[in-house]
Amino acid sequence: MVRQFEMTLAPFKKGFHLVTSQILKQIGQLPDSGLIHIFILHTSAGLAVNENADPTVRADLDGAFDVLAPENQPFYRHTVEGPDDMPAHIKSILVGSSLSIPVTGGRLNLGTWQGIYLCEFRESAPARRLVVTVLC
Amino acid sequence: MVRQFEMTLAPFKKGFHLVTSQILKQIGQLPDSGLIHIFILHTSAGLAVNENADPTVRADLDGAFDVLAPENQPFYRHTVEGPDDMPAHIKSILVGSSLSIPVTGGRLNLGTWQGIYLCEFRESAPARRLVVTVLC
Amino acid sequence: MVRQFEMTLAPFKKGFHLVTSQILKQIGQLPDSGLIHIFILHTSAGLAVNENADPTVRADLDGAFDVLAPENQPFYRHTVEGPDDMPAHIKSILVGSSLSIPVTGGRLNLGTWQGIYLCEFRESAPARRLVVTVLC
């Protein structure tokens, strides 16, 4: 069985943002056992699962990804949309465009310290749209 | 319900290549609502979703991944298959071996600017084989 | 149809470890056609598919990821859990927290040279727990 719908997240500044509760609010009832797939319809942001407690993890991730994909590399040719655009495409591919998370007993089966991140790589981004597919 | 089949892509040179239409041609009819999973049966190439318009994005991604996983690092021990081989394994893990994309109304539910990339990391690679699984 | 269960892997030292047979032993019977999803319940380790033969690939991956996410970066603020902790979060996001692999004819449909890696990023980690979901 498949249930599928779109949702829109609040717009965020560049950085790694915990959005577990924002997503859960829009999902409604989950099945007893299955899988949830979340897909982001954009190429300069991504989705990830990581630490849900200490916000310095998310700040350090932002710093680390700026080192991994720096702005203004001399070989960049795709520069027309601003210095943060090509790094955003690189980071998006590194992080990935979708998540699949097990659903167990009507809840996301995440580890104690796991939460869902919206990884926003543009300095000034619109609200990001997601497609959620629940398989059970 | 599960539908599953293998397909082979045309061989590509090293780089990031848009293969959405090549994949769609081989998939045939898609369900009204579901998920498509595409898995690459190789360890020196990968699959990603990113920008489908400006080809300089794909050229810059190739350059950026060469910086992320350079050839001839002094600590490499796996060198017998050529200087591009160990970087290809690293890049393959960074990008990932599979994609899951929502299917809605009989079509891939991709964002306006999203396409499917074959990320080819070897200088001289054979045609890559994929396993496609459609869940609905 | 969904079958779902948890499993625990043996504890590993920091590095990339081939765990295909350890996972298969705990999975039991697989369907004729479907998808297996494996999710790790931790934020400082990851799962990947890559080369199952030469162990120097796995050693070089460990070295390469240490370069991608080095310890003791001056901008790190999340340092309370030790110098390997923040790099582990970064590497976990780069690699990913889950895998989806096609199941065909009652077996994992992996390429000839593909195996499943537990990517352990902590120096001294507990046994890692996985949630396995089989869809068919």
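For this structure, a couple of remarks:
The chains carry the letters A, B and C, assigned in the order they are written, with residues numbered from 1 in each.
In this text, a contact is a pair of C-beta atoms (placed from the backbone, for glycine too) under 8 Å apart; a residue touches a chain by one contact, two chains touch by 3 or more.
Here the structure is a predicted model, which means the values were calculated and not measured.
To overlay chain A on chain B by their CA atoms, one rotates by 120 degrees, a value rounded to a multiple of 5.
Where chain A touches chain C, under half of the residue numbers in use are shared by the two copies, so each contributes mostly different positions. Measuring from the averaged C-alpha position of chain A to that of chain C gives a distance of 20 Å.
In chain B, the residues that touch at least two other chains are 68, 94, 96, 100, 135. On the chain C side of its complex with chain A, the touching residues are 2, 4, 37, 39-43, 68-69, 73, 75-78, 86, 89-90, 92-94, 96-98, 100, 129, 131, 133, 135.
Contacts from chain C toward chain B in the complex involve residues 33-35, 48-51, 54, 56-57, 59-61, 63-64, 67-68, 94-96, 99-102, 104, 109-114, 117, 119, 135-136.
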